[in-house]
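Structures are listed in the sections that come next.
In the two complexes that follow, chain A is the common piece, with chain B as its partner first and chain C second.
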Partner chain A sequence: MHAHGEIGRIQASYMAEVRRKRLYGGLTLLLFTVLMVAGFVIVDERSAGGFWDGLHRLDDYMSEVVAEAWQRRAELPGLIAKYFPALVETVNIAAVSTLLGVLGGLVLSLLSTRRLARWPRLIPLFRRLSDIMRALPEIVIALMLIFVMGGGPVPAVIAIAIHTAGALGKLFSEVAENADLKPVEGLASTGANWSQQMILGVLSQVAPNYISYGLLRFEINVRASAILGFVGAGGIGYELRNAMSWGPGRFAEAAAIFVLLFGTIVFFDQLSSRMRNRLTEGEGQ
Partner chain B sequence: MTDMTVDPAKAEADRLFRRKRLVSFGIPAVILAYLTYIFFAFDLPGLVQRANWGNAVTLASDIWSHKVHVTRNNRSGEIAFAIEGERKGAYPEGRRPEWVSGSEDKGLTVDLGEGRKVRLLPGKRTEIVLPGFQTIEVAAQGRSLDSNLPEELPKWISASNRRIAVTLPGARVTLTGARTEVFRYFTGWELFWFTLDSPYHGHSLGEILFGDRIDPERGNIAGALSDWWNNPMWRHKDVAWAIGETVLMAFLGTFGAAILALPLAFLAARRFSPLMLVRAATRRVFDFLRGVDALIWTVVLSRAFGPGPLTGSLAILLTDTGTFGKLFSEALENLDGKQIEGVASTGAKPVQTYRFGVIPQVMPILLAQVLYWLESNTRSATIIGAITGGGIGLMLTQAIQTQKDWEEVAYYVVLIVLMVMLMDWLSGWLRGKLIGGRA
Partner chain C sequence: MLKIDGLSKRFGDKIAVDRVTVAVDKPAMIGIIGRSGAGKSTLLRMINRLTDATEGAIIFEGEDITALRGAARRAWQSRCAMIFQQFNLVPRMDVVSNVLHGTLNRRSTLATMFNLYPQEDIHRAIEILDRLGIAEQAAKRTEALSGGQQQRVAIARALMQNPRLILADEPIASLDPMNAQIVMDSLRRIHEEDGLLVICNLHTLDTARRYCDRVIGMRDGRVVFDGAPEMLTTATAREIYGAGEDFSEAATSTEIETLDGAEEIRLAEACV
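Then we have the complex of A and B:
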């Protein structure tokens, strides 16, 4: 009798708990749904074309592009060859900015990691610096530099490198926190200076991780470099904008650029993920 | 005897060292060679010549200062005073900067500091008094200018019979037949709070909060807030809307993609989707969505949906459906099967197995990934907005294209950085709350 009442009470309190949990879950879901729907309505209102009309136009536009590209399919290989140098420029921008960004991130991360920093008191400063560099969208710096330097690949390189350095600075520093300090101490006891300690003691430990992050970043930077081309920084993005602004009659050009850009992104994604897999496997051995 | 065992070991070590030496010198050499190629491919020597350092100086000084223009229209003889030379920053009738003296019909003196003065005289005449140089006298005759300037001019004066420009420290005088314009630089973002036509301009915060009623029609705080919010020069209201729009683009795109990707990810995961064909097809769809990239999606979608945040949200949504699909299906493949079996062993139907065996396991991982991308997408939304025309990205590109509103550009950049950092912090905090709470 007594035990029965006990079980009943436990069950009742359990059910109350479940109900409360369901209520909270339901409320969160409701809030989320309301936010999504309201957001969609606002966005729909503030856009030039509505969502449902747009769907039709999207269909028309795509079929127009495909039809014209198909009609002029014989020219496509020639067009792809024509735009290939622009593609090389885009990839070069990504590669150089990744290289510079990795170097910058390296320095920033070592300066902002506890126990490794050259000037431990300045750690917060370097952390905030890399936060700000990370938060700056590439386009901001690129557009300002284009005003000073004129269009071309260099503003894009600088803009992407700054963002990359900030982003990698944070990731690198997380890796470096876990580095074994014994080699550093050993080097310090032989009289090595700070940069020697870092290069010989820390970098050799974290190199696989760093390279893997760098490769991932390169993947992202290929996309970023194409986008910056669109605002005047040269490369395939620039050609894409030109082809787009010509409109009908130039859809074959646009299609050729689509194909090139798509192929490049997929190629570098695959390449970098394969290399990263090899790096992480090599680490396990 | 010992030599025989040492020799191969030494040879081995030597080979290893040779390889290490090759790698540690070879890789920097390859990088150096590549950078040399880039040096010429990107035409760096030419860049130094092409770069416009004057623009750099304008940019650097405009970011933290403002100009006050005094402009005489030579046709009507009217003289206007305006901050940044814009109508929105004009001084109201009867007011003018205190470094301007005299009257319009007898001649106005504009003091440029350190004894330099510009006199706007009747009859379209202008005198520029420069201690240590001569006094320049210019008279406008129709479209051309008559002046007493010598043949040999210092670098800071450029003159033709149509246009004379004198650049002074902290000021500039430009004369054409149609008008005479003088402006002086001052530090700070002027009119950031109130424009000159607002009654609250020039009052301190204390006066507004605790002082007497400034505008008899309205309460001080409400009036000041409304005037600040509707400031036509800095457009705080529009900027706030634009930032909201950008965050909204990122929010809708990220969570819309997560909602779409979740069911698709089940189709792509080996554990839940027995048909190889379905799996492969779904994965190719993910690869395609990701590979096309936000740029192409933006360009294509903007044709259909026009400029505005809708295009941006959809572009983020499509790209991220691919990204999330891939990440989610990987998470689903790495599930712990024991929990699912346990739930199934109690006689649960498939739906219940998913609900209680799968969802509680993967939800924290998926949410962490979605929240991580939310921050990154805020940055993407700014960039996409600049391309397609929506949100703060649009305002930024517009301000940059005018090539003179650099203080506004600086304002937007600060806000963008704060916005991204706030989203970063928010997503980290939510991640900690949602996932840390479960563990």
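Then we have the complex of A and C:
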């Protein structure tokens, strides 16, 4: 096809590019390794106990919990029944906060999606707002609210809902960006207002994806609300902290709570993956 | 060199390929024709071992291909290159990287992950691209290329595999007539210059007539015709396509020449 010189030129220029890419790749890998090692060393130095000294004790603690739980295994069913109401409270917190978060995320996402937004100029504002809501960890908001309002499930619900709205706002908006705009245009041509266009034209397209993300968020929120119990928001997390920090003699309680938590998460995981499958399968019908 | 013996493939209670028996004794360019759903693709996919056969055997130079597992199966796949209708390239990688994918069977995962292909492979990839007339596109992203150029990249990847045979599954069905001709000419040239066995699924009769030494007609999973293209009569063609009296070759044609004028049709019918 070409004279030999021409081919040689293409080969040489491609090889130069390959060498440059390899150099960048190598530098990235080096940087990554250095950061990993340096980060680990810093964390290890600044921790109270030190990672390597504490490592074997992890093993001791686990075996103590398991041993005691095994010894008192006859009490486990009773303990599980005892802590079940606390679990219901935790799941309740998660459900209410997921619902609120989904609604918040819905509004935020539609307001911050290009081509859909009600006020296109305010898109950056709503995007930053959802960034901030996402960036604040639940536990920080919860601690603040508990300090102001006192303990209980309400601060936990608000804290989780804020984080959920921020996280879902981002995910929802990515889905909405890929929505087909033709139905929206059709609705606009009939004189429909913005909310009508969004609800009828966009939500009907993205609903399966939104519900799927919402269910995923619910699973995450069950774990989050259990953790918030540690800082005084009630529910099963509060009982777990008591059981764990009071040490030997209450390890059977801790084991019962672990079993409950694990069972709940598996249960909701299965339930939501079933529902998600049904949603995606039903799409074609 | 290639012997297919009573090969069948069932999907549930539907039979896609039904006891196909074909023997090939020397490198040739073979066209498989038939309407969509006749089992052409499934047959090629079974030869490449992308799909497992339900029963029957594929023997290549004395070796039973259908029995290969794991690394042996992948080694066979590297000797038996495949070209697809939709090109099946990695769209976001550059053209040379896609061609170098032809060497994956010989390289470790780690080496390919960090793009550590030997210089001689890279040079050879560009030489193959040059042979197919697209060396200038070497550094471009594959998705930026036209359909015809992408199919030539796919052929270059196949050649990079140093294959013993090339399977082409409807290589020109997504291309315009002009590019279809370039791609078919390339496949024919590869067969003639490298002495490779080329098996090509085609859905049009005239392409098969023009480029192939031997035509296999399939209908409902069974081989209904196997012979030289000259032996293919209009009646046989009607049987292969399940068409009525109104069937003519021009109706299934994608060739520029046949579309342009009646000359080619008359010539083809003279052969019939």
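By our rule, the second predicted complex is superposed on the first by the 242 of 285 C-alpha atoms of A that agree within 3 Å, B and C clash if a C-alpha of one lies under 4 Å from a C-alpha of the other, contacts with A are read in each partner's own complex, and residues count from 1 in each chain.
Operating definition for what follows: a contact is a pair of C-beta atoms (placed from the backbone, for glycine too) under 8 Å apart; a residue touches a chain by one contact, two chains touch by 3 or more.
All of these numbers come straight from a predicted model, not from anything done at the bench.
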More residues of chain A are touched by which chain, chain B or chain C?
B
For A:78 in the superposed arrangement: first (chain B), second (chain C), both or neither?
neither
Let me test your reading of the model: by the given contact rule, A:140 touches which partner, first (chain B), second (chain C), both or neither?
first
Touching A:258 in the superposition: chain B (first), chain C (second), both, neither?
first
Pick one for A:25: touches chain B only (first), chain C only (second), both, or neither.
second
Of the two partner chains, chain B (first) and chain C (second), which one does A:120 touch, if any: first, second, both, or neither?
neither
In the overlaid three-chain picture, which partner chain does A:43 touch, first (chain B) or second (chain C), both, or neither?
first
Mind working out whether A:11 is in touch with chain B, chain C, both or neither, as first, second, both or neither?
second
Given the complex, residues on chain A that touch chain B span 32, 35-36, 39-40, 42-44, 46-49, 51, 54-55, 57-58, 61-62, 89, 92, 95-96, 99, 131-132, 134-140, 143-144, 147-150, 152-154, 157, 223, 226-227, 230-231, 237, 240, 244, 258, 261-262, 265-266, 269
Can you name the residues of chain A that touch chain C in the complex?
1-2, 6-7, 10-11, 13-15, 17-18, 21-22, 25, 29
What part of chain C is in contact with chain A in the complex they form?
96, 114-117, 119, 122-123, 126-127, 130-131, 133, 135-136, 138-139
Name, in rising order, each residue of chain B that touches chain A in their complex.
31, 34-35, 38, 41-44, 47, 50-53, 55-56, 59, 245, 248-249, 251-252, 255-256, 287, 290-296, 299-301, 303-311, 313, 379, 382-383, 386-387, 390, 393, 396-397, 400, 403, 409, 413, 416-417, 420-421, 424
